[in-house]
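The data blocks that follow each hold one structure.
Consider the two complexes below, in which chain A is the common component and chain B and chain C are the respective partners.
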Partner chain A sequence: MRNNLSRWIYWVVGLVILAIYPQVVGIYYTNVFVGFAIFALYAVTLNLLLGYMGVLSFGHAMFFGVGAYSTALALTHIQGFPLLPALLVGGLAGAMLALILSPLLVRVSGTAFAMLTLAFGQLIFVLALKYREVTGGEDGVGGYPTPSFNIPGVVSIDMTDQINFYYFAVAVIIVCLWVLWFYTKTPFGSLVVGVRDNAMRIDYLGFKLSHTKAVNLIVSGCFAGIAGAIYALFQNLVSTLGVLDIGTSFAPILMAYIGGLGSFFGPIVGSGILHLLEDVTFRITEQIELVNGLVFILVVLYAPMGIVGLLRQAKAKWFHKEKVS
Partner chain B sequence: MSPTTAMYVAQAIHGLAYGMLLFLVASGLTIIFGMMGILNLAHASFFMLSGYFCYTIITLTGDFWLALLIAPVGAGICGLLVERFLLRKVHVQGHLAELLLTVGLMLVILEVVKAGWGTESMMIKMPNGLDGLISVANMTYPVYRLFVIGLSLVVLGIMALILYKTRLGMIVRAAVSDADMVSALGINTPLVFMVVFGFGTWLAGVAGVVAAPLLTVFPGMADQIGMDAFVVVVVGGFGSLIGAFVVALFLGELNAYGIQFIPRLAPVLMFAFMAIVLAFKPMGFFGERE
Partner chain C sequence: MNILETEGLYHDFTGLLVLFDVNLEVKEGERHAIIGPNGAGKTTLFNVITGTYSPSRGRVTFKGKEVTGWKPHKLTRVGMGRSFQITSTFSRLTTFQNIRMGILSKRRIRFNLFRKVDKMQNITEETDDVLKRINLDGERNLPASMLSYGKHRSLEISMALATDPDLVMLDEPTAGMSRDETHNAVELIRRLTEGKTMVIIEHDMDVVFSLADRITVLHLGRIVASGPPGEIRENQTVKDAYLGEVEV
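Showing the complex of A and B:
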């Protein structure tokens, strides 16, 4: 009961902080936060594969990028395309891509999975770069209208206002994260973890191995697509180098690893740390990638369980007695 | 020879030259993977690093041959240090950690190079005597590319001799098939790992210097060959030198004719090829394990 109450208090405090955040910190950090939240969702979808299913996706940007491009193209070419369908289009595109690739991807694991996703990621990157008449090549798709949040007869909120967009994006991302959190707690979520730990056993228990993997892939792809769609709405510009390149594939891996693979919230923490770090680094030097690379090496060397893992270790150490009793 | 045939032959030799370069890079990658289980994503970075070493040596001394001798050794030493002080420490944490470490390394090397040498591409002059054209049977061909093929064959020969005729080669081959067993027989496998890693990066370094006059030296010079080398290793089968050789030559030709006939889709062909092969043979053509 007490536990339940404190959980409610956490939720309320968290939401209040999120609500007053843009009023306190100003427009610049509001936008930084939206960027962080988008990548937090994106990194969580990667962790669905890496942490929960035990396969490394080296081309996760394809889901993110395809989602972003679909939303951007839908908004460019269809007059008056509404806001929520724009998000759904992104999610659907990511899911469709995962569905198309799943017959191949479920057959492999380990390094072969990483390489196969890398291959498809590069494939889509190069295609987007070459087919300029659809994707705009390196220049990308930009300048499309941002629709308002419209419930006919009730409310119409202008999404070009950055504060409004902050509330919208954060709300959508929290809902998505909550759905994903719930998803990992379902029996099916446990099944996915079972595939990671001992695939053969899951097979012998009579579950369909390939179907389980495929469904998890599609869920991951779908939400990565939604993250991409929010990104498209947020930036009002989608270009190959921003959403499909290999850096976009590495970023969530770094976030998930820094935060800690073993936990649902690790990637969110990782995204936060990286965005803070990026903000600080930008004041000193232009070389973001150098800092990222060094952080990568240091984390692998000294904190293999990630920040969340470190915290858990510290907690176990300091509150050792309480734990044992 | 009619012009059309001449063009086909020229493209074939082009493809052969690229395939041989690709093999130099991929062979190191595949031996390292076979022995240590590390897919070294930073491998192509050593290729680039060596290109920059070559540039610096040439601006200092003006001698291409000196650069060809020293620059790969520099890259190899960097490789040795990386293995000794970084990779060995994370070996216990499993393959994922090692893979991610090499990703970090790749980013760091790229940025260090950008900071040290700048981002513009720098020309490297072909050495005297190799910069001309050779004319055989009514077709002309640049000598330098033939030199690339010849040098790669020499390196390949030396490598085959070491691998199949010496004690070290025997140990390496044994370690590729079962490193634990070799270690149990009393051989200092960490030392062997280090030497092989250094040797693999040296090979990438040789390729980097040889490719420098063709590609010019710039931070992205290893992008294509690095990706292609992964395709080679994956498709040829992890740890298989023969597989790497066959697939490297095949990809070289695929690339050359791809650029000739469908320039727009040429970069996609590689990945499409890899995807198809992996879908049906997850272990690659000559691989014995995943």
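Showing the complex of A and C:
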């Protein structure tokens, strides 16, 4: 009962903070927050593969990018395309790509999985670069209309207003994160963790390994696609270097590691840290990668379970509880 | 009636013939031990029967149905369970979660995405029941990797049984155990496999002769003898091939 109450209090406090945040910090940091939230969702989808299923996707940008491009292209070519379907298109595109690749990807794990995802990620990057008529090549797709949030006869909210868009994006991302969090708690979610620890035993316990891996891939791809779709709406420009390049694939890996692979919330914390760091670094130098790299090295050396792992250890020590690994 | 049969089973690893015309018959309700020196092909026989490999030649029949080359998950679903010589648990999951995986399989809960597994009261209760029966309720929330060797082995064996199989195949369940641990493990196996058919690979002759009511001796990939324990004990070929060399 008390637990339930404190959970409600957390939710209410969190939502109130999110609601008044734009008023307090102004437009610049409101946009920084949207960027953080998009990458938080994106990094969580990577962690569904890395932390939960135990495979490292080196080409995760393909899901994010395909989602972003699909949304951008739908908005460019279909007049009056509504807002929520625009997000769905991105999610569907990510899921479709994962579905198409899954017959190959479920057969491998370890290094082979990393290399195969890297290869497909690069393939899609090059395709987008060369298939100019559709993707606009290096220039990308931009200047498409941002639809309003429309419930006919009830409400119509202008999404070109950055504050409005903040509320919309944060709401969508919270819902997505909640769905994914719930997903990891289902019986199926526990199977996915079993695959990470001992794939062979999963098979011997009567679960079809390839299907289990494929479903998790598709869920990960779908929500990465939604993150990409929100990004497309947010930036109003989708280009290969922004959503499909290797940097976009590395970013969520960095976030997941720095925040902590062992926890659902780790990648969210990681995204927060990297966005803060970027903001601070930018005032001094443009060499953001250098600073990110240093932080990454420090985390790998001294906090292999990430920041969340460190906090958990500290908490365990503090309360003299058994050390959690 | 035979619950498991192999007919003319051959297996070779690219030229190395490991199984040679193996005809194994396991009757329903039987406790069948497979013994033989190291490298006799015992584990390979298990792997071929339980679906790790397809045999190069021959047939495997389970419950009257041909299951040659079936994948492990399919065999598990029709009632075959297996434990491993090298402990193969979910090392980072708790003892409870390890057993629960088997219970979920037994209840055919696979792609359920609409309920939290922690909130499934019946699954939790059943898992806790199993933990009590295998005396691991004290280690309920410990990661499997932190269990003592003997307890980790118990968990290994119990996972094979958690899916409630009709035929359970145990690959050296007491490997590496101390005398006390072995004694406890034998009691555990006896208790858990009551009313089930069991095939067990075992090196410890005390365990074999106390558990099995039929013994098959494998030597260099062939069955050299098969029969009740008394008969095997007196069999000269077996003595030459195996028993004579082993100090128990």
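As a convention for this text, the second predicted complex is superposed on the first by the 320 of 325 C-alpha atoms of A that agree within 3 Å, B and C clash if a C-alpha of one lies under 4 Å from a C-alpha of the other, contacts with A are read in each partner's own complex, and residues count from 1 in each chain.
Note that a contact is a pair of C-beta atoms (placed from the backbone, for glycine too) under 8 Å apart; a residue touches a chain by one contact, two chains touch by 3 or more.
Given the structure is predicted, the values throughout are model-derived calculations rather than measurements.
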Fit or clash between chain C and chain B when superposed on chain A: fit
Chain B versus chain C as contact partner of A:V108, first or second or both or neither: first
Which superposed partner A:P187 touches (first chain B, second chain C, both, neither): second
Arrangement angle, chain B at one end, chain C at the other, chain A at the vertex (C-alpha, nearest 10°): 80
Partner chain(s) touched by A:L217 [first = chain B, second = chain C, both, neither]: neither
Partner chain in contact with A:G293 - chain B first, chain C second, else both or neither: first
Between chain B and chain C, more extensive residue contact with chain A: B
Partner chain in contact with A:L209 - chain B first, chain C second, else both or neither: second
Partner chain(s) touched by A:A251 [first = chain B, second = chain C, both, neither]: neither
First (chain B), second (chain C), both or neither touched by A:R201: second
Shortest span in Å between Cα atoms of chain B and of chain C, once chain A is used as the common reference: 14
Complex contact set, residues of chain A against chain C: 182-183, 185-191, 193-194, 196-198, 200-209, 211-212, 215, 325
Chain C residues touching chain A - in the complex, by the definition given at the top: 50, 71-73, 76-77, 82, 88-93, 97, 100-102, 104-105, 109-118, 120, 123, 143, 159, 162-163
Residues of chain B touching chain A in the complex: 39, 86, 89-90, 93, 95-97, 99-101, 103-108, 110-112, 114-115, 227, 230-231, 234, 238, 264-265, 267-268, 271-272, 274-275, 278-279, 282-283, 290
Residues of chain A defined as touching chain B within the complex: 56, 104, 107-112, 114-116, 118-120, 122-123, 126-127, 130, 250, 253-254, 257, 287, 289-290, 292-297, 300-301, 304
